[in-house]
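Below you'll find a set of structures to go through.
Both complexes shown next keep chain A, but they swap its partner, so chain B is in the first and chain C is in the second.
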Partner chain A sequence: MGAKISIPVRRIDAKEKAGGWTKYIGDYQFKNLQHGRFLRSERARAKIIEIKKPDFPEGYYYIDASDIPSSGKNNIQMIKDDWRVFAVSDVKYIGETIAVILGPDKQKVLDLLNQIEVIYEDLVPAFTFDDALSCKGGAVYGDNNIFSEYLLNVGNVDNAFKDAVKIVEGKYETGFQEHLYMETQGLVGAWEDEKITIYASSQCPFYIRKSVAVTLGVPVGDIRVRQTTTGGAFGGKEHFPDVIATPLAVAVNKVKKPVAMIYDRIEDISFTSKRHPSKITIKTGLDKNNNIIAMDIDTLVNGGAYESSTTIVLQRAILHGIGVYNIPNARIRGRAVATNTFPSDAYRGFGAPQGLFAIEMHMSHVADELGLDSSDFRRKHFIKTNDITITNAKMHDEVKLPEMFAKIDEMSDYSSRVKKYTDDPVKGIGIAFVNHGGGFTGNGEQAIIKGVVKMKRLEGGKAGLYVSVVEMGQGLQTTMRKIAAKELGLDYEDIVYDNPDTDIVPDSGPTCASRSIMVVGFLVQECAKKLKAKWNEGVGVEAEDVYKHPDELIWEQETLQGDAYPSYGWGINVVEVEFDPVTYEVKTTGIWAVWDIGVAIDEIIMQGQSSGGVIQALGYASIEKCELKNGAFMQHTMADYTIPTSLDFPKVETCFIDNPYKYGPSGAKGAGELVFDAAPPAYAEAVQNAIGKRIYDIPVTPEMIMGALK
Partner chain B sequence: MVDSYRPKDLKDALSIRAEYNPQPLAGGTDLMVRYQSWSGTLPLFTKSVMFVGHLKEMKYIKKEAKDKTVTLVIGGTATLTDVANNPDTPEVLKKAVLSIAAPALRNNATLTGNICNASPAGDSICALYALDAVIVIEKNGGSREVPIMEFITGPGRTVLGSDELVTAIKIPLKASSVNDFTKVGTRRANALSKLSFTGVADYKNGRIDSIALTFGAVGPTVVRSVELEKKLIGLSGSELKARIPKVIDDYSTVIVPIDDQRSTAVYRKKVALNLLEKYLKELSSHE
Partner chain C sequence: MKEIKFILNGKEVSVEADPLKRLLDVLREDEKMTGVKEGCGEGECGACAVLKDGVLVNSCMIPLGAAEGSEIVTPEGIRETDKGKCIIDAFGDAGAVQCGFCTPGMMMATEALLTINNKPNESEIREALSGNLCRCTGYDLIVKGVQIASERGKDLW
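This part shows the complex of A and B:
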């Protein structure tokens, strides 16, 4: 940790947030505010026969697809536009929006909602991978329930398997995960200056602008989106706010009054997207020297009833499918399936955690099958700089995994503890190695986003920063200021960076994909350099910078061949556990993390990312059970959907290894998702070492451990 | 439309209860959750509500001695924090109470409320069953005392009449040398129970003189079998040790849990029996 920029500063929003002064969407005052609530499907798959409505008193409205202007359409333009704004004639999942009920008095809105009766004719729903693949009840999507399918291949897998002296197979499954951001979903649509303004707790103001414009059939410039301080998101406010914003905008367009759509907690857990469940089968062939010569992977992710971003999630899952290893002959088939579950969507990691969990557990199982040390076996197969990746490109990163392993081994005493716990009846330790591609897949930053940032010299020696990426708890309001201030030679507090407003800031792209610092931060750094050069032209002088993809990176999107990501963050986690043979509960006794994120823009903020990401991932791996019962989430209260408390896990001992990236600000790479990736397999391996049985699925519940020990 | 009442004292409360039969609300930590509605609207109470948490006459914890028995009397509005902080609170009850939710909730929630909520997963109830707690019930012009096992008749159901109030809980303070309360929750704090177990027992002259074994969240009410406990009275430690497999067998017929969103029937039963076995082994080594 040597870079000067890494020296921590006080977060710009620390005082305001700790003091409780920050205004969130629910705190805003609007004159003549109307309250909206959704009429939602109570069936997973059904025809709507009839909707019986009471008489609506004056000032109360029932808004549905018939209220969409003729220029618009009943589609939510996300990555795909298959998700309907309002369900018409049939419903595809529990919670699907049928209508918005709105009016000035919440109780009356609720009473009206309760008087509405929807008559359904039930159809046979599909919930599981097996249901989807067998097209139970008829295809939910297309003619085969496959949203998308890919095949990645390097080398010659079939020939290599012929030479294998040993073959090991395993099937790995992961479940839904709820984001449980502190602030629930919330948007207010207002009619201001003869146009629609959406105030939104969101990650991507320009996504909302685009989807609302398409739904209403108006130019994007006719829609204004203002981000309100966002109390956590984790991917849950990437696309999902579009699902609220579009029906909300239809309502505002009709009533020309401000309308609030703010979710209660139970509503939020019950009726928002979750992380994609996955089922991944891996077959590995080994030669007589215990080297992996072939690997065949079959990856399934459950997209739910609509595709939304599922195809991109599937891409990440398979692009991270062989983990940090150099496998000469590897093949990955990936399929995203449609079911009648709530549509799955973005969640920190975006498919990578699923792929990485499977490959890490599998590597551990192969080592176990061979009677080898799990870490030694994995380290022997580490990918190195210039090795060929699963997308037939060279690994451009300087891979520092060996150095990082030495560091974590020193911190955690991993190697000696592994030996010590071999015969221990209750203790175990596990390790996992991961990487995470920063930014959009392939050339997406160029082909899809083309991020723009703007800066301006202001009065009083200050500079304005205009970007569309948002603070959502990750510290961006502070780190972006540090990046700009460094180039301008100003104090970070002299950079003005307000919550983005699409009428003011250029589109620098969404706040996701571990791109904010690496991609947008680099543009900010370059833009600040330009502004510095013009600084003496006086107050009001502006500078702009536009994304340009590095020339040396090539990409073929249709076949997913070439440089899958501009760069990778790298990580190793070690987790130590002790299990209770009476209750089968697991106590975590140690957590260590070493990361290569290029350079940390602020060491304390990055410690926060490490601790938060690791603990969130440990929740996913252990207690965050989210099951379906007839298509509805069973754990839909905070009492039943449990996330870790400070008593559930000890402190995360974190270390950063510097490895500057030339296209990152001060050398920084993506970090926000990487920190989620390693803990689940490290935890599961620790538990399997403690109980002496292999773990294939997460969450690893006490119930599952009891079953394994039978 | 429901009404709300705020009586000035216990007498007033009993009169209101007799006349209008409102739902008593002390800390509100269960009821406000049960009847929650869209935030910004009123909770969906199905009947009128009478606030009782402020009634000072019931905000006490005291010891009463009569003949040779000492009884801890916990007033109807004593909070879980009051119970946890009282030096005379039996160890298992203190442990049970501290396993409930978080400090902020325990400062508001009352022990009486926890009992009247009558959840099979009520952590304090599991301990109170083992402690032979007695519920003191009052109404205008009368009172009665009912053992907790008879007070609770099913999930959310009690024998409390619509004109009655629970005004105190009496716990006989008996000698008890081997005590255990274990809660298996969904996480380490602020968690609801998958199951809970309480064991209290005492030896006299090397033989088991008293024993109570209770199980929470494994049936429609807390499970306690006085019949099976009787079979253990009079045993020495080594006799108990030899008997453990038989005891586990006996209990496996009375513990009949269900699957729900928190755990599975198989897990609940197995872990309940594991906790029983662990406790009995510990007990058998004491004598």
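This part shows the complex of A and C:
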């Protein structure tokens, strides 16, 4: 790692956060604050026959769809607008919002909520992939429960399978995952200066502004959204705050007082979106030299009761469906299905971890079937620069996987350990190779987002940075300052970058899709260059930069053909484990990671991303089990939905390889999601090597291992 | 309702409240000590960690009545002391802080550890932090932060 910008600085927000000075949404004082709670559906699929309410004392309100202004809509305008602000006449999942109960006393609000009785007439719900595909109880969505369907194809798969001398098949499943950000969901809606202001722990202030404006039927300029310092998000605060903000805004619009809607942990685990469960079937055809000549993949993701971002998640799952390999003839059918589960939504990786888990485990299983070393087999099939991708475009990235493998092999001693553990009854080591497309799929940055950033010369040799992407723990408050300061020749502390306020900053797009540094950071870099050129015009001079898609990248959105992403981050993880043959518990004894993220804007911040992403992913792979019972999540607390503690995993040994990207700031590419992608299959492969049985599903629990060994 | 007195960050305070009210709520709502965070409300995550008579506790699990007469220290009570500054600086230099919601609790756990063991090794640090959950960092850089605090603050604890 040689770039000057990678030299770490102390995070700008470290001291204030560490000492507890920083205010999060629950720490603010609002005058005359009202407390809101949701009346939620207790049934997965039912008609609402009647809602019996107690008498409400003065100052206490019951707000529902009838309170939406006639100019507005009972729809949450997210990527799709099918999710209702309030359920009316029927409910489609457990936890669906029916009404807001609010008033000045928190306990009294809860008492009123408990006295409300909803009379339902139950319908037959659909929960599983099989339920969805057989339209159990009648279609939840459309006439076939398919939110979206795609078919990707490269080469001629059917002909190639005819030439195959061996065929290997496998079916891979992944479960729900709860984000478990340490700060729960929380928003306060206020009536200030004759307009609604939403204070939000969120990733995307402009998403909230748009959805609230559509619900109330007012121009977006009538709504102000101010991001409050966000205590973790991981995708969980990308669209989901809209589900809270829209009914909240309807309530504020009615009572004209500030209303807090801050979840406690049980509500947060029980009634927020999770990662999409997946079921992926892969069939591979091989020639006599053990080369893959054909691959046929069927991908299903469960979107739950409403579509929201599910189609885009499905796109990412299939666009990463053949992983980092050059497969000459490949076909992927992808379908996103509707069920009566809580709507699934964005979670770090956004479909890619599901697709990559399946392909990596499958490659391992094919190698096993052929009696070959799993890493050798995969490395033989690595995609190279200019090879053809699943979307019939050339891979533009300089692919440094061989160099990265050499590095991780040196760090972890993988090659010799994999041999050493072959006959070891309890030890195993696994490896996984991944890439992750940075930014919105295809030309989405141009077609959908059109990000804008602004800068301004301030008094005292400082510069103001105006962007809508937020700090949520990933370090943007520091890295964005570093990018701007480098061009202006200032100290990073001389860049002013406040939590975004939609009345002040331009819309640079949402904080998601590993786009903040690569896409918005590049705009910041270019904008800073423009400001520098005008600097001597004096205090107050401004500069702006607008996203422009690289001319050489082409994309056809309807058919998903062309350059699927502007660039990819690349990664390899090695995980070493030891299992206890008595309790079936697995202990992780080593973790190594090598990443190509272009250039790290800050080496320590990126180490934090690597350790944090890998450990969160190892939780997904091992202990984070989130199950459904009659459509309700069985896990409700941090005691029954457990995440890794400081004792569960050893240190992640991380290394970054420089590979500058020309449209990234100082060469940086996307990184925040990439660091999640490789650990689950590396862990699962390590466990299968330890126990001597193939693993097809995550999380790999002791119960699953016991089952495999019996 | 009952009047309950205890020492908060070195000063005697008196609170008129239900003795079963959570100490967490008393600290945040009555005393405006918002450095104490609520992460789970059931003693699992450590975001609300405070020192009670020098012992690290989760304030969501302590009824106010149980705090009567005891000495409570919140992040506000140590952040401007030499020890607090040492931990905060060490966390900053290590890159231990990400979203920051768990960090004041991590500072309290660090203070509690270094008070009884000022030269902890990595496994002792991991053990001492194991009651404080963090979803961002994977803990590695927090462990490093504690190591730096222990090295720099060898005369403080």
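Going forward, the second predicted complex is superposed on the first by the 710 of 710 C-alpha atoms of A that agree within 3 Å, B and C clash if a C-alpha of one lies under 4 Å from a C-alpha of the other, contacts with A are read in each partner's own complex, and residues count from 1 in each chain.
What we mean here is this: a contact is a pair of C-beta atoms (placed from the backbone, for glycine too) under 8 Å apart; a residue touches a chain by one contact, two chains touch by 3 or more.
No experiment lies behind these values; they were computed from the predicted model shown.
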item	value
Touching partner for A:T583 - first (chain B), second (chain C), both, neither	first
Which superposed partner A:D264 touches (first chain B, second chain C, both, neither)	both
Touching partner for A:Q477 - first (chain B), second (chain C), both, neither	neither
More chain A residues in contact - chain B or chain C	C
First, second, both or neither for A:T645, with chain B first and chain C second	both
Contacts of A:P8 with chain B and chain C, given as first, second, both or neither	second
First (chain B), second (chain C), both or neither touched by A:K106	first
Contacts of A:Q185 with chain B and chain C, given as first, second, both or neither	neither
Partner chain in contact with A:M634 - chain B first, chain C second, else both or neither	first
Partner chain in contact with A:A18 - chain B first, chain C second, else both or neither	second
Residues on chain A lying within both footprints (that of chain B and that of chain C)	264, 639, 644-647
Residues of chain B defined as touching chain A within the complex	37-42, 182, 184, 186-192, 194, 261-264, 266-267, 270-271, 274-275, 278
Parts of chain C lying in touch with chain A, wherever the complex brings them together	28, 34-42, 44-45, 47, 74-76, 79-80, 84, 87-89, 91-104, 106-107, 122, 125-127, 129-143
Sites on chain A touched by chain B in the complex	35, 37, 106-107, 110, 264, 582-585, 623, 627, 634-635, 639-640, 642, 644-648, 702-703, 706
Chain A - residues contacting chain C, complex	8, 10-11, 13-24, 26-27, 179-184, 229-234, 264-266, 472-475, 604-605, 607-608, 610-616, 637-639, 643-647, 649, 651-652
